[in-house]
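There are structures below to look over.
The two complexes that follow have chain A in common; it is paired with chain B in the first and with chain C in the second.
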Partner chain A sequence: MITFRMNGLDVKAEEGWSVLETAKFYGLEIPTLCFNEGLTPHGGCRLCLVEIGEGLKTKLVSSCTYPAEEGLVVRTDSKRVWAARRMMIELMLAMAPGSKVLQDMASRFGVTQVRFTSRNKECVLCGLCVRMCAEQMDAKAIGFQKRGLNRKISTPFDMRSEECRLCGACMYICPVCQLRCQGPNAEGVLCNGCLTMDPSCLDHYDDLQCWMYDAGRCGTCVREKT
Partner chain B sequence: MKHYRAHLLVCAGTGCVSCGSFKIKEALEKEIKKRKLQDEVQVVATGCNGFCERGPIVLVQPDGIFYQLLTVEDVPLLVEEHLLKGRPVKKLMYVPPDEKQPVPKMKDIEFFKHQRLIVLRNRGRIDPEKIEEYIAFDGYEAMGKALAEMTPETIIAEISASGLRGRGGAGFPTGRKWAACAKEKRTPKYLICNGDEGDPGAFMDRSVLEADPHAVLEGMVIGAKAIGAVKGFIYIRHEYPLALKRVEIAIAQARDNGLLGEDILGAGFNFDLEIVEGAGAFVSGEETALIASVEGKIAMPRQRPPFPAQKGLWGLPTVINNVETWATVPNIIRRGADWFQGLGTESSKGTKIFSLVGKINNTGLVEVPMGITLRDVVFGIGGGIPKGREFKAVQIGGPSGGCLPAKLLDLPIDYESLTAAGAMMGSGGMIVMDDKTCMVDIAKYFLNFLQDESCGKCVSCREGTQRMWEIVRDITEGKGKESDLPLLEELAQVCKDASLCGLGQTAGNPILSTLQYFRHEFEAHILDKRCPAGVCTKLIRYVVLSEKCTGCLSCKKACPTEAITGSLKEVHSIIQTKCIKCGACQEACRFEAIESQRDEAIQVI
Partner chain C sequence: MDTDKTKIQSLIDNHQGLKKNLIAILLDIQENFNYLSPESLRVVAKALDMPLIDIFGVATFYRAFSLTPRGKHMCLVCMGTACHVRGGPKILEEIERKLDVAPGENTKDGQFTLETVACLGCCAIGPVVVVDGEYHGHATIRKIGPILAKYQKPEAS
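Presenting the complex of A and B:
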């Protein structure tokens, strides 16, 4: 067992656990996007950042890839962490404003402005599909290409891949293309409809009509509060 | 062995080669043969001499006479006068700016006088393609000592005691890195030499590899003994063909002489080296990305820990050091840790190589002790700013570094001082800028470089650099808003905080340092829509000053778009609609009659 401190608590982690896994075990919530329990951690979205170290020499690391270490001091929700996380949400929203996952996150974590022009790229390069394809579907049909501003996910030479079985797992796991934000302001960059959620079904029924009480999941009932 | 009465050392570093030094060498050899001096005089092609501004360079030994800016036509005169008649040719010697008398001897030239050569001790002195010449200057002595007399523990202790820190940029203590790797039980262990030098305006590693490849090899064999490695890789950029060729030759010669391969020097120690060619990605210089690249994967950094010393190449313990660090190691082993300790400052020991480029009189490669001030480098060795212009800033540490203004010229160069001032040591690129440089434009240039070179893994770095570039581009085009500056600062800070590797963590530096020291220039661009240095083309227009124009037509000839009207001895004028603001007319004008002014027509809201 590895013992370290997280948010002032002494926590114990199994050998080989990451900081994120330990936090989850203790019920501490850390937002994630490119992380999925069935896939190897990537550390690209930078939402799961935590602050490690003490005194003046602290730094931010992605908790999904950082191993639990003996004597580590972790803060999961410091001011610096939140400033960075909010900026990540803002940057990703400017890439793919249609993503319901990102729009929900913005509402939940109080991101109320996007100061960048929208790219409408419909891809935030989180790499979930690449890992899904390689690790769960054993196909390796898609991968990252190029670097920096030209980075993209595609099949080799952008041609139809013989490895691809059209299983659709890449679409299933995609945080952008599977769920579309259909809130009142879906055309704009930032919806924030869920920030002031007002389900319209309650005009007609006494109970919320959402499937499995996952309120607002489909997005159709969300309207801006007047 | 044949003895020659004189040696002509022709610089064959990349800079001089591109100025035609191989042609000079050929001409020299031909001329010497013609004069039947071939048994008395030898011509040697050496590695980079350092004074690249003055290439092609020939040094005549043993006299120590320094000839510069040579052409093939100068060769017969040089041979006849100097070698036959013994009269050094004054007109081919170096004349310092603002002086009339030439300085004949290399050691008296300001550029060389203040340098302290340790890593570059053999530069311009030996033929890098001949192992015998390296050995003649105490080469492989340190390796012999390490293999025969020292144990891994004593080698690491010596390196630790010397206080050597990694020369790649971050300055991690080399001894500690080696000790961590030596401790690991798993085998085989690997060594890597990081020669992926990608900073714009930097050529330190290239020059070391070109001028003294055996020093790197020797350092790596010593390192291999210290950590128990069996195999090493030298990672060199594909864009450095000369360095690749010379290292290849050096490895073959070392193998032939029993200095590499099995049972080195009969000491029962095996170690071999292999060259890996990089495909030109800046991010490959990051150690974990470089390891991925050697493994044949995309050069994408990964989380540390585990550090390469524990889990590196193919998951095995690996020590990865910069070219300059490896080349320093033999010197420490040969001359001892105490000697190395005596150089430099409290926390930064030894010397550091800088490539001095930009708006400076003496462009070239310099090796100086740590702790020397920026002023000594820029004005002492560098000879100040050309054309009597004013010094504005020096950019240190490549794209990840920062721009330091004139008020920080007395800052000592060491790891801590530079970081505290908002720059960093980096691998040692030093770009000097004069008052004709626009700092917003510089920030844009480095951001453009970074957005292209970011590997693209982290949102903070990939998107952060792109967005910062977009904002700065808008500012240079007169579309800046007042809210842009706080947003830039916020982005730069988050990019530094949230990114995984050194590239992202320092990508905010060009913005933060220029904003810290040159905020007024950003404000001039945003509030007044004015580029004080007259660089940002969207904010300026070129006009002819009628009182200075002599009507010489030279600007008209230089203009690529025929935007200049007027005939001989008549004041010219520029048709603004045709002008593409390339600045060629201003360059061509000898009377300073063309000025870049604020363009009143551009008033973007």
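Presenting the complex of A and C:
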């Protein structure tokens, strides 16, 4: 058992756990994008950043790849962490503004502007599909190619690969392939539609009495915020 | 085609057919065939028991590898900071005009391939032009013609 501090709480982790796994075990929420329980951690999206260390010597590390250490001091929601997360969401939105997952995250973390030119690559290079293909499907049909600005995920020679069985697992796991809902600003880089909406049923019924699964989540009873 | 395959196989055998020697193997193939053909990558993938995509990823990652045939002579123009300040872009422009080719492409007669590089590590003699591994320092627009002529007609000189 490894003991360390997380958000001022003494936590115990098993040997080999990452910081993220420990946080999940204790119910502390850390947002993730490129992490999936069935795949090896990649540490590419940088959304699961946490601050480790104390005093002036703190640094940001990706919690999905950082192993739990004895005596570690972790903060999962410090100002610095939030600023870094917002920046990552902003950068990824510029790459793939059509993604519902990213747009939802932007609303959740209060990202209200995108200061980068939109590239519309519709891929944030999170590597989920590559790992899915290699580890779960055992096909190894797609992978990273080229580098820098031209880095992309594709099959060899951009042709139909002999290894590919058209299983569709890459599309299933892709966070960008799910298109965003058509909010008030469907053409823009940033939607933020959820920020201006308010579930109206909450006024009349408590959230427990909403007979949809999750109060306001269904969207049938939302009205614009006044 | 079959002779190519045996040649590639012998190059792989030179490196004991080990996965860790992938880059060395690809470099050897590049040197022998002037480029990495899709068939050669497939042969390497099979011999090393690696997924083709991994080899393709390595081949597209490094600038030293080319997936299209290169010209007879490799012409590198330095675009590093020091060479840039001393007029590297103008040298490049002159070569582009002389050879009628854009960076990263081959001339129509297949004689030259023009490439830009970020730095060659010899900033003191910038701007630098390298043709077939031969360094031409302190390049000027006037010197470009003679340098290229030297390689254009090797039989005449």
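The rule is short, and it goes like this: the second predicted complex is superposed on the first by the 195 of 226 C-alpha atoms of A that agree within 3 Å, B and C clash if a C-alpha of one lies under 4 Å from a C-alpha of the other, contacts with A are read in each partner's own complex, and residues count from 1 in each chain.
To be clear about the criterion, a contact is a pair of C-beta atoms (placed from the backbone, for glycine too) under 8 Å apart; a residue touches a chain by one contact, two chains touch by 3 or more.
Every value quoted in this text rests on a predicted model; they were computed, and no experiment measured them.
Asks: Touch test for A:91: chain B only (first), chain C only (second), both, or neither?
Replies: The first partner, chain B, only.
Asks: Please indicate which partner A:124 is in contact with in the superposed arrangement: first for chain B, second for chain C, both, or neither.
Replies: First partner only, chain B.
Asks: One more residue to check, A:53. First (chain B), second (chain C), both or neither?
Replies: neither
Asks: Name the contact category of A:157: first (chain B only), second (chain C only), both, or neither.
Replies: second
Asks: Have a look at where A:66 lands relative to chain B and chain C in the superposition and call it first, second, both or neither.
Replies: In the superposition, A:66 contacts chain B only.
Asks: Regarding the shared-chain residue A:141, is it in contact with chain B (first), chain C (second), both, or neither?
Replies: After superposition on chain A, A:141 lies in contact with chain C alone.
Asks: Tell me which partner A:31 touches in the superposition: chain B (first), chain C (second), both or neither.
Replies: A:31 contacts neither chain B nor chain C.
Asks: For chain A, which residues lie in the overlap of the chain B contacts and the chain C contacts?
Replies: 144, 146-147
Asks: What residues of chain C sit close enough to touch chain A in their complex?
Replies: Residues in contact with chain A: 38, 41, 51-54, 56-57, 60-61.
Asks: Using the touch definition from the top, list the residues of chain A that touch chain B in their complex.
Replies: Counting only chain A, the residues touching chain B are 42-46, 49, 59-62, 65-67, 69, 80, 83-84, 87-88, 91-92, 94-95, 115-117, 124-125, 144, 146-151.
Asks: Okay, in this complex, where on chain B does chain A touch?
Replies: 281, 283, 298, 300, 302-303, 305-306, 450-460, 462-467, 470, 483, 487, 490-491, 493-494, 497-500
Asks: Name, in rising order, each residue of chain A that touches chain C in their complex.
Replies: So the residues of chain A in touch with chain C come to 134, 140-147, 155-157, 161, 163.
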